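Here is the structure we will look at, set down as structure tokens.
To keep things simple, chains are lettered A, B, C, D, E and F as they appear, and every chain counts its residues starting from 1.
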Amino acid sequence: MPIIRIEITREGATAAQKAALIRGATTLVADVLGKDPALTFVVIDEVDTGNWGVAGEPVAVLRTRRSAEAG
Amino acid sequence: MPIIRIEITREGATAAQKAALIRGATTLVADVLGKDPALTFVVIDEVDTGNWGVAGEPVAVLRTRRSAEAG
Amino acid sequence: MPIIRIEITREGATAAQKAALIRGATTLVADVLGKDPALTFVVIDEVDTGNWGVAGEPVAVLRTRRSAEAG
Amino acid sequence: MPIIRIEITREGATAAQKAALIRGATTLVADVLGKDPALTFVVIDEVDTGNWGVAGEPVAVLRTRRSAEAG
Amino acid sequence: MPIIRIEITREGATAAQKAALIRGATTLVADVLGKDPALTFVVIDEVDTGNWGVAGEPVAVLRTRRSAEAG
Amino acid sequence: MPIIRIEITREGATAAQKAALIRGATTLVADVLGKDPALTFVVIDEVDTGNWGVAGEPVAVLRTRRSAEAG
């Protein structure tokens, strides 16, 4: 009965990538803990880059600055 | 001061259903634990079916397969 | 496949009360949304009163002050 | 390595306000616990007012009633 | 910067198993999404079986009944 | 009605530090968003260092290695 929550910034993860995350996470807890896939929930939360902060700044700001520097 | 979080797949829950979930969850903790409704928060998280996995697959994929089989 | 999380301060909820919360929450989403109880998870998080704050203060401090006032 | 999650109703928080929340939360755990900002995540969850309940009712309903009373 | 949360019932997961979960989850998001392991947090929540419900009952009750039946 | 969740590794945060986190987080959302402290919840989750991973390893392992190197 595990619940696995994968939180990532909303930056274009495709349906195929999300399916791979779900498959991989389910396999991980089955392999390591013997959990039943039929009772394993995986929830992917995608968060806007303006709503996720690291080092005191929104990721949106960090991304903008980085691409400007790479200009 | 309870916080009750209800996570469901985003599959058309109506405003009336969400109001019923909020009312029911608040009543539940008031009845069982004597909690004050004025200080009871209920948060409903709706998750896209492509972002929710069970049995190693996205619900979106499971729903599509099932409706194809029911074809 | 709902996940219902009930967060409460750790103030002596009994096993029977927790069973009632689990039963009630499962029934609520079955009645309102037609969800399958066999695929409904309920998780109860109990939080120490020193780790839960309201109105800017830990509940532990509020409880102590109230019982002193009620002295 | 703290994770600070700030959940608010979706009622128009601006990018500047969210940046201020991220900066403030990061500074708080640095000042109080000496945590490294570079390894401090802040996640802001904005929840629709129809999905957030207090006192047994959706905030959306409470807001509507209040503005009608203030009418 | 992903945050991966793995919630399991508290049923004796060893330090080695938890290390394997952390390693596997970090590798998963690195492989699928190219995320930097140095900025990937994995949090394992272990929940008492009396605090986790499925099919309307606490896992603790289900486990007891099952071992009695297997008696 | 904000909910602010502060997740930290369980490494000896004192009652006074937790009170400071609660006070600071409540003030932050009051100052930035005008939120009512009486309806602001702050929850501090302390996670064992064996249950928190970064860079693919449990913090417990990283701490042990670092103190051995600093030996």
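The rule is short, and it goes like this: contacts are C-beta pairs under 8 Å (C-beta built on N, C-alpha and C of every residue); 3 or more make two chains touch, one makes a residue touch a chain.
Here's who's who by UniProt: A, B, C, D, E, F = Tautomerase.
Being a predicted model, the structure only gives us computed values, none of them experimental.
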item	value
Contact-graph separation of chain B (Tautomerase) and chain D (Tautomerase), given in steps at minimum	1
Most distant chain from chain A (Tautomerase) by Cα centroid	C
Self-contact between copies chain B (Tautomerase) and chain C (Tautomerase), residue sets same or different by half	same
Whole-Å gap separating chain A (Tautomerase) and chain F (Tautomerase), where each centre is the average of the chain's CA atoms	21
Length of the line joining the C-alpha centres of chain B (Tautomerase) and chain F (Tautomerase), rounded to whole Å	28
Touching two or more other chains - residue numbers and ranges from chain E (Tautomerase)	1, 3, 7, 21, 25, 39, 41, 43, 52, 54
Which pairs of chains touch, using the document's own definition	A-B, A-C, A-D, A-E, B-C, B-D, B-F, C-E, C-F, D-E, D-F, E-F
Footprint of chain B (Tautomerase) on chain C (Tautomerase) - complex, ascending	1-9, 13, 17, 20-21, 24-25, 28-29, 31-33, 35, 39, 52, 54, 59
Sites on chain F (Tautomerase) touched by chain C (Tautomerase) in the complex	15, 18-19, 21-23, 25-27, 37-38, 40-46
Residues of chain E (Tautomerase) touching chain D (Tautomerase) in the complex	1, 3, 39, 41, 43
Residues of chain F (Tautomerase) touching chain E (Tautomerase) in the complex	7, 47, 50-58, 60-61
